[in-house]
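What follows is chain A paired twice: with chain B in the first complex and chain C in the second.
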Partner chain A sequence: MPEISAEIEQNAALLEIIDSHKALEGALLPILHAIQQRFTYIPDTAIPLIAQQLNLSRAEVHSVTRFYSFFRSTAPGKHTLQLCRAEACQARGSRALEQAIQQRLGIGFHQTTADRAISLEPVYCLGNCAASPSIRIGDTVYGGMTIERFERLLSTLAIPVVEAQS
Partner chain B sequence: MIKHWDPSAIDYETDYGTPAPQPEYSPEYAELPEVSLFIDGNSLKVPAGSSVMRAAALAGISIPKLCASDNLQAFGSCRLCLVEIEGRKGYPASCTTPVENGMRILTESGKLAALRRNVMELYISDHPLDCLTCPSNGDCELQDMATAVDLTEVRYGYDGKNHLQAEQDRSNPYFTFDPSKCIVCSRCVRACEEVQGTFALGIDGRGFDSKIVAGQKQSFMASDCVSCGACVQTCPTAALIDNAIIEHGQPQRSVVTTCAYCGVGCAFKAEMKGNQLLRMTPYKGGPANRGHSCVKGRFALGYASHPDRVTEPMIRDNINQAWRTVSWDEAVNFAADRLRTIQQQHGRRSIGGITSSRCSNEETYLVQKMVRAAFGNNNVDTCARVCHSPTGYGLKQTLGESAGTQDFDSVEKADVIVVIGANPTDGHPVFASRLRKRLREGAQLIVADPRQIDLLNSVHVASTLHLPLRPGTNVAFINAIAHVIISEGLEDDAFIAQRCETDAYREWKSFISDAKHSPQASAAITGINADDLRQAARRYANAGNGAIYYGLGVTEHSQGSTMVMGIANLAMLTGNIGRAGVGVNPLRGQNNVQGSCDMGSFPHELPGYRAIGDDSVRAQFESVWGVELDPEPGFRITNMLNEAVAGRYKGLYCQGEDIAQSDPNTQHVQAALRNLDCLIVQDIFLNETAKFAHVFLPGSSFLEKDGTFTNAERRISPVRKVIEPLGGKADWEATMALSNALGYPMNYQHPAEIMAEIASLTPTFAGVSYQRLEQQGSIQWPCNQDAPGGTAVMHETEFVRGLGKFVVTEYLPTSEKVTRRFPLLLTTGRILSQYNVGAQTRRTDNMQWHPQDILDIHQHDAEDRGIVDGDKVEISSRAGATVLTARITEQLQPGVVYTTFHHPESGANVITTDNSDWATNCPEYKVTAVQINKVTEESAWQQDFQQFSSKQQALLKDKLSS
Partner chain C sequence: MSDTEQQSCPRKIFLSRDTTSLALGAEQVADRIRASEKHRGEDIEIVRTGSRGLFWLEPMIEVDTAAGRVAYGPLPIDQLDETIESLLDADCLAGDKRHPLCLGLTEAIPYLAKQQRFSFSRVGVIDPLSLADYQQHGGLAGLHLALTMSAGDILAVVSDSGLRGRGGAAFPTGIKWQTVHDVDSEQKYIVCNADEGDSGSFADRMLMEGDPFSLIEGMIIAGIAVGAQQGYIYLREEYPNAHSILKQAIASAEAQQLLGNNILGSSKHFQLELRLAAGAYICGEETALLESLEGKRGMVRAKPPLPAISGLFGKPTVVNNVLTLAAIAGILTRGAAYYRDYGIGRSRGTLPFQLSGNIKYPGLIELAFGPSLRTLLEDFGGGTYSGRPMRSVQVGGPLGAYLPAAQWDIALDYEAFSQHNAVLGHGGIVVFDDSVDMAEQARFSMEFCRIESCGKCTPCRIGSTRGVELIDKICTDGCSANNMNLLEDLCDTMTHGSLCAMGGMTPIPVQSALQHFAEDFSKQGEQDD
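Up next, the complex of A and B:
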């Protein structure tokens, strides 16, 4: 039963993280950060465990993870694409770009393509206002973005499966 | 200047917006300092700490609001309640601004009107405009506010981004969540947190994207929601709304009445449309619940109009015949003839009656009166025998009165709360919510129970101590606690010297000091870690206010009475009695258990717990009843059953009680019932007992009659008729008819007359009358010359018996021991959604939460037996065997298994034995030695049961009308 043992292992790891932060004042946020760091997202199964250990309810923990857009509820794609929605970029057409990119990838913000290649996240200013509109993939910020440039960028990322997706 | 202070001027139909700074029913309220201020030019004085919104509401000025409600802490999110305050900049929210001396406040101005209109416009632009077809039409705060701020048009248009397409959540059988109508005021979230204490709801996202979600973005049913209804109650729109209102529209009138389920005794408004009960909404003016409810009282009402209701009297010569429907006259004459014939053949004492803890005080009183006056013997007993008789006995011995010492408000002042053998979140849910609220305020919790009960997992409660004891070892546990208190010198000497009998105390003290009661020694018996036990003893003894709450896990044991006395000893030892916040509090199971005991449903006691053997007491009753009474105590239920099996006891009148299901050792009970020549059952359904009956009299539900119930805090509350009895007679009228047929005349026109007779004969009820109930709402007995308004806390300056009496409580292990053949201990209990034998709740949608009784078993014991979750297992004991489905759990300790008994076909009581409490015969439901085996089919008993049951159903279906 490989799946079950993987789950047990994950739970053990989660409990360990929770345990080591439990005593902190306001332990919830540090715990969530540590879990996301370890698992790249907050697994659903973590929520009841955290709730129980901190004497909180599942709804409370869930609400916190949803209040801070930083926390993810699913594993991110191989690449995280951050799209700037702040003022300078908006002034240079980021809204239209946003729609085009969403259409191209077939996902909205906070979602991941079906092949788990790309996750799309909004950001507010990438510090690249002079060359807006800007996006960031991994650690690299790309300015002066258009949908055509984005296509090219995609092909350099060599993610064929995106193409396959309608 | 008008002073707004008087708690009795509080109108429970008004929402004052924010809670009073201290509960208006507490003595602290009257002592709050005074603040004078001006609102819209009116000068007024209000209690310090009130919000501006509340101050205005007290003066009759209502400030528009959406996110505030007076049972929730102010939140300040909707910005509708803005006011102007002289000398302050801006427009503060009145719900979050406390009053200050000399404040001058303006609640209406052109600017305020414009601001409020803006706010409303934003709300309305994201709200479906289908008021005319909305189920909340006419009962919607959003609608009211739109009118209040004169909103006539919306400038934003409706085609922007909105939530109008959001999907409804219909998972809960009783209410619907329609997010498109939600204004995200978060009142539901806060009600679930502050009022109910479940914290099932949260807010997903932020800003415009925020949404109300249950649990981890689940359906309500899949979340932690327990369907208490608090969120539905507070929702200002139709976002959370009763399905009954969606289906049938708004109610037209309402009547305040009392819940007929459990011993909390919550006050409700029965909301009616014509002759149809639409819903029950908790009434803020009810002191037991203070506006809260649970899934049973709030929603589980369908049984009252269920097609299974039998509404015509029926008779038959023997139980193999089909029933014959007859007139009331024919039914009671048939019954009376049979009873008289039996008495001629078998003697005066060969018949008797059983009263019900579900019927009203007046009805119970009449049944015992009929038994004593018309049957001419004292063979009357009550189902309280099977739950709280040890409470009556134990508290009478030690304190002098057979009842709990506090009111429910008292828990708001407790610092250390000890819960023994009770599961309040399931058995007494509304009280549990009040208790958890106190825990969140910082009170400490100690639980002594074989199971890890849910109370221990309360959200935002850190300080809990669980003492998991072996079933059947309560007395050893309580003695060890007392031993620690004595050996560490933590007792309250001044209290003991002043309030208790010295000799008895001295004797008890030398008994308890014996090293055999030490924590280490008793750990071998109870299994409780000695350090934890010491901790618990210290916490309780050192508490400012220590309160003990206990349930059937204390009473339903062979040493039930001993344990109750042990608890009373402990309270006296630490001076935790006689004021708010402390006390000995039995959590009574059924709605009128306390009342049925008070009303003389015992073979040896007349109403008010007065001995039948006492000549002067008897003389009093004889002169009012106009008959001579038998001075000999009669049979208890157990004796009745034994005598019936022996063929000497032949006739039984059983009102609203299902002994064939609720009493232990079902097979013995059934043998007894089969031996009767005349069994008269009065009930709303053909219950398990009625399947053995010769006469069936249709009972009336609590909606169909006037009367009173007495809850666990001795509170007598009115039950009010909202519809006519479906069977043509209320239960008290049925008893009268039978009594008249027997030749003992009864002629009451209304239950108020019965209460007047009770008051005239019972010193503790002397001041009780329907008139006073009407004025006060409810009354806690004793209510007499010394306490004309009733008594909230008992034994304040002296005990009812004068001096409190310590009683030696020797631990004697139960004869029910685990053996090689029966190596596990079975203990029984209940769950939230079902009630007692389940006759009512099984006929409602509450079935969705608990479709069958389940056997809980610890992982370890299950593995030993190769049992996995969902397996069918046979549970066998000395008494019998039955088959249930197993669930693996860690809420239990190894060696202990647990089940409920809400479903007749489970036959949990086929396994329980006829062991009982030494003093009162209360059955030992909580401990049975059993073995568990994996099986594939149901037990022989269950197969017989199915067969007999379907035959009896057929006999009901084939009933002949004559």
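Up next, the complex of A and C:
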């Protein structure tokens, strides 16, 4: 029964993460960060485990995971692409770029391409305002973004993106 | 240094590892230099620094000369191979000034020479992770001094300096610290608000990436002054580079006994922990931040009680911005009067302004309060990037006013700005050219509030949604008296009925756009005429 053993393994990993952080003051955010770093999202099964270990209700834990836009409840694509929508990027053409990138990828914000290569998320400032418009992929911030540069970036990331249906 | 000495030790190239420098190609420059070093058989040491904040000249490299550092830039990323080779051929490592990319002495570049760098004096100069470098440039002198002073004396210096909170609210730091000091409590906290969420702001990030020890030193001094032994830095998730640098800096401070028990052999203790936020703008509001640190949703608390009296876990807490804390050590070493002598009116000291958006020369400009906004836009910024006329400037982040040309002569001073219903905030300045549609900007202000509202109070949660709808209506139906009265009423409710600045200040950009750029709101109406 491979599925059951995978679940047992996942629970053990979750408990290990929770256990190693629960002595911290205000441990919930550090725990959620550690879980998302390990699993790329917060699995539903984590909620009751955290609740039990931190002596919180499931509703409390659930509401915290939903409040913060960074925490995901489902697995993202291979790359998470954050596109800055804030004013300093708008002043350098991010509104048009936003449209072009969505069209190029064939998805909107909070969606993942069909090949699961890219998840697109909005972000409100990457602090790269002096070289806007900005996007972030993983831990790398790219500035002066244009649709042409984005196209080249996709090829260097070796992402086989399905052409958008027009 | 003689020629023979220069050749015997590895020659140094200084190159920034700041987020924006990396976005502009600093890492490719480093890779390329390492490749050249190998095939030329030269011994070159690349020292990674923070950024000088002259972003239109980056990627930029600097080398040491007897007269000071000499800079070369901007290095063209699409011709890096030839450029690096030609720089090495031209003996740029010895500071040869004949290369076409030579910018001369870095500190003589007018953009930098005209600044008053106090908090940013080391940023771009030192290796941010070298404690030795930090000390050679005056670091830790403030802490050594603080360890010999009474709490009352430290508080007096901070008060006398006139330092006010640099996060935007500009509350006098000395009063806040005194309040926390005066509360009798076993447990107190120092919390650094590093959730720099305002668009157009990057000074906190640059400081944390370029001189993290100055922040750590300021927090330790704050702890000594108010009697707190635990500190937290609440850092936004959007800053992965700052996160990595701060993490290493804290580890190294712990290893060198700057943090922990018996700081530098004294009887003082201070623990510091770095905590990561999770993408909620509202957590830059201090009470929401404290909720988040406690492991809860970032919901704003009603004040009072003030965090200084009942803050993190109900304990007396200093919540200060990165730049406030980073200024402390310098204020102690140079004295309150030195700092207070900069600035005008009640705005004392310096503010690191951040110039971005549609601007030719974007960057970080630390100046004493007082010059006009126009000085920054024209003398430093050099006009728009696009070359089109400049039309609108948003100062102080997404909750700041949009200022038309008629208001660019306002002095950069907290009080002067508030007299014009504008805010200086954290010193972020975002420039727009004449292609901007101010109705779209006003709509975005409401939309941003709708997305980022914590939802606790109705004026902000519902008001922002109605605001988006109403601006859409105005753009299609025109500025009828009915629509305008509704918007004014809505803004009034948000301003006076919201729990915090999120809902309370969102009307500022909206109303400034309407007041100064009314022609952008009735496009449909014009077509009908």
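We adopt the following convention: the second predicted complex is superposed on the first by the 153 of 166 C-alpha atoms of A that agree within 3 Å, B and C clash if a C-alpha of one lies under 4 Å from a C-alpha of the other, contacts with A are read in each partner's own complex, and residues count from 1 in each chain.
We take it that a residue touches a chain if its C-beta (ideal position, glycine included) is under 8 Å from a C-beta of that chain, and two chains touch if they have at least 3 such contacts.
Model, not experiment: these values are computed from the prediction.
A.B. asks: So in the superposed three-chain picture, is A:52 touching just chain B, just chain C, both, or none of them (first/second/both/neither)?
C.D. replies: Only chain B; A:52 stays clear of chain C.
A.B. asks: Which of the two partners, first being chain B and second being chain C, lies in contact with A:67: first, second, both, or neither?
C.D. replies: both
A.B. asks: On the A-aligned overlay, A:132 touches which partner chain: chain B = first, chain C = second, or both, or neither?
C.D. replies: The second partner, chain C, only.
A.B. asks: Is A:157 touching anything from chain B or chain C once the two structures are fitted on A? First, second, both or neither.
C.D. replies: After superposing on A, A:157 lies clear of both chain B and chain C.
A.B. asks: Which holds for A:34: it touches chain B only (first), chain C only (second), both, or neither?
C.D. replies: A:34 sits against neither chain B nor chain C.
A.B. asks: With the two structures laid over each other on chain A, which partner does A:15 touch: chain B (first), chain C (second), both, or neither?
C.D. replies: Neither chain B nor chain C is touched by A:15.
A.B. asks: Which touches a greater number of chain A residues, chain B or chain C?
C.D. replies: Tallying touched residues of chain A, the top partner is C.
A.B. asks: Going by the contact rule set out at the top, does A:142 touch chain B (first), chain C (second), both, or neither?
C.D. replies: second
A.B. asks: Need the overlap of the two footprints on chain A, from chain B and from chain C, as residue ranges.
C.D. replies: In the superposed arrangement, which is not itself an observed complex, chain A uses residues 60, 63, 67 for both chain B and chain C.
A.B. asks: Under the stated contact criterion, what part of chain B meets chain A in this complex?
C.D. replies: 189, 198-206, 213-217, 223-224, 457-462
A.B. asks: Contact residues on chain A for chain C in the complex?
C.D. replies: Chain A residues touching chain C: 24-30, 32-33, 54, 60, 63-64, 67-71, 82, 86-92, 95, 123-132, 134, 136, 139-144.
A.B. asks: What residues of chain A sit close enough to touch chain B in their complex?
C.D. replies: Checking each residue of chain A against chain B gives 44, 47-48, 51-52, 55-63, 66-67.
A.B. asks: Give the list of chain C residues in touch with chain A in this complex.
C.D. replies: 19-20, 22-24, 53, 55, 196-202, 204-205, 237-241, 273, 275-281, 292-298, 313, 354-358, 362-364, 385, 394, 398, 428, 430-433, 436, 440-441, 444, 448, 451-452
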